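Sending over a structure as structure tokens; questions will come in a sec.
When the chains are written out, they are named A, B, C and D in that same order, and each has its own residue count from 1.
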Amino acid sequence: MSHSIFLPAILAVAIQAALSWEKFFSILTMSLRIIATGGTFDKHYDPLTGHLYFRDSVLPGALKRARIAQDCVFEALLALDSLDMLDEHRKQVLQSCQRSTEDHIVIVHGTDTMRETAAVLGAAQLAKTIVLTGAMVPYLVDESDAFFNLGFAYAAARLSKPGVYIAMNGQLFDWDNVKKNREQGCFEALR
Amino acid sequence: MSHSIFLPAILAVAIQAALSWEKFFSILTMSLRIIATGGTFDKHYDPLTGHLYFRDSVLPGALKRARIAQDCVFEALLALDSLDMLDEHRKQVLQSCQRSTEDHIVIVHGTDTMRETAAVLGAAQLAKTIVLTGAMVPYLVDESDAFFNLGFAYAAARLSKPGVYIAMNGQLFDWDNVKKNREQGCFEALR
Amino acid sequence: MSHSIFLPAILAVAIQAALSWEKFFSILTMSLRIIATGGTFDKHYDPLTGHLYFRDSVLPGALKRARIAQDCVFEALLALDSLDMLDEHRKQVLQSCQRSTEDHIVIVHGTDTMRETAAVLGAAQLAKTIVLTGAMVPYLVDESDAFFNLGFAYAAARLSKPGVYIAMNGQLFDWDNVKKNREQGCFEALR
Amino acid sequence: MSHSIFLPAILAVAIQAALSWEKFFSILTMSLRIIATGGTFDKHYDPLTGHLYFRDSVLPGALKRARIAQDCVFEALLALDSLDMLDEHRKQVLQSCQRSTEDHIVIVHGTDTMRETAAVLGAAQLAKTIVLTGAMVPYLVDESDAFFNLGFAYAAARLSKPGVYIAMNGQLFDWDNVKKNREQGCFEALR
């Protein structure tokens, strides 16, 4: 019985050996990964051309502004309009999720093909909670929904059981039960 | 067997009789109640005095901006700095929650005594999911965390099991395991 | 000599007869006309198409926000990208200036052909102070120069002698001594 | 006659000798000095105390956002609520204006005693154009008039003849013909 006091320490070492240290740390704090892929959320206005375009992501600034107390890993993966997203890009998003040592992931994505990327991730059946979100109005434009959506998706990624979800319009949809209503500019359930 | 086609209709009528109609509707759509009580979140700048004060709540505008697809009932209950909140005010908040036909409630509250109000609600053990949130910087001030917190609390109120919670700094705390760290300006767990 | 006390009143009546009443009032208060023609300044983001477009002008809101103490007449004349502005549109702008009972006019205009419209107005040699301004970033987009430019143009229209001017980048240019440097995204003098 | 080609160069050297080089450069480009003294314009919100306070001035950011093409010298002189401004602070403002190699000066100042500081500067009869401005709502708060006022004051400082002025509410007042109407929250002429 005398050696039983070492048990917790031994267990911790065994767990650390089995997992990478980063993984171990992630479990303790339930840290979260935010992956930027572009989309309306992250568009900037270009004064020279008068068009919207991608530059450095607004997300690091938005996360600081949100006053999040925990570690939150930011990954600038892509900077694409979601209409320009090809199969190879979706594969990159999937690989990022697979590689992620965080089990809770928020993906900021364009709304037009958010569902297609969610389907690729859903089919992969990872044991992670993955929430895709975006915005109908860019973060840097007046009356944008982006910051609300980020907060909603952040909570959903922390609180939902493993699976792939779409968080838009104050609702959380399963990846295989959602479509964008383009006339109304909002997401709705299929069934 | 011929009368079986009426069964769904009969059931619906029975359910409607048992519940108020509003309650019935609420169950179908899982609508949510947002209760404003004031706090930093809702402060305006008064150009005449140079002080922050309360006027009409920013929440109806914020909810519209969030592009929430569902019905969301807004209740302007109080407009107080949370340091000015007395027992009778907390009783009012509790009564609003008790009377609410929505089982998912977000309360926008000042951060300084959010925990005290949460304790009053927690002790009442209502069978509802109640999430208190607020902001460190007013919604109408540059770099405010308010809109993120609203999104976070909105998701938490939809996704969490009945109970009373505090949503701040990207975290969801149980009402009896949280305190505000005034030096750091953030909330943290007690244990 | 006894009738001399009536002189000021007689003069006032004569002046009122000669001028329209509105004109008379305008001289007393030096009121100002703001004419909206569209341009980057006034662009909105369309959540359904993802493009910038024109809707109701932002100027009435901007003028209220500026806390201008005097009467300021707002005229929503056109809502065009200045690249789409034709000779007939420039004629409309000229006619508005000619008809204006205010002798101090600010025109909010797209930057790309601001100079061409200024040339049409300059050639007409009206006895009015006309200042064209615009923005490199829309009023409703983060870090917009629009509100500064409006203030600058407003002061320039009040303080400058009759003529046609372009107010951009904190400078006031004569209409025939200015060009837009498209590489730099700023206006500069020709000479 | 052969030495006449050197005349321009000799003249330039003579002028440079007479004036400081900085002064010489300032005449060529009519550069402008912006002096921050604090006031509502420059107030920040402190998340820890819930009060408005002074930190680094917002003016360098505002000037960059204004896309001003010329050199514009920024001087962070004071960071005071204008109700806290004493005679010695007004003397400091006067000394800054006297020392300034720029003949066009904008002073950002609290509105409550803007008139008193203007009187100190006016009495000194400097051969410079000095425009005091401020804001009824801080630059960092929603619906602020600050950026418009800065543009207005900037133009007024460039376009007005030497003297001391107050620029508020879209109007330019002589320093000895203005008062703040505290009930209305706006400036008006005495006569």
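Everything below uses one rule, namely that contacts are C-beta pairs under 8 Å (C-beta built on N, C-alpha and C of every residue); 3 or more make two chains touch, one makes a residue touch a chain.
Note that the structure is predicted; figures quoted are calculated from it, not measured.
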item: Equivalent interface to A-C, taken from B-D, C-D or A-B so that over half of the residue contact pairs match; value: B-D
item: Distance from the mean Cα position of chain C to that of chain B, given in whole angstrom; value: 47
item: Whole-Å gap between the CA centroids of chain A and chain B; value: 25
item: Shared-contact residues (touching 2 or more other chains) in chain A; value: 136, 143, 185
item: Touch-based graph of the chains, sorted into line, ring, star, complete or other; value: ring
item: Interchain pairs in contact, sorted by label; value: A-B, A-C, B-D, C-D
item: Touching residues (chain side chain C, partner chain D) in the complex; value: 62, 65-70, 72, 136, 143-145, 147-156, 158-160, 167, 169-172, 185-188
item: Touch list for chain A against partner chain C, complex; value: 40, 45, 47-48, 50, 52, 136-138, 140-143, 182-183, 185
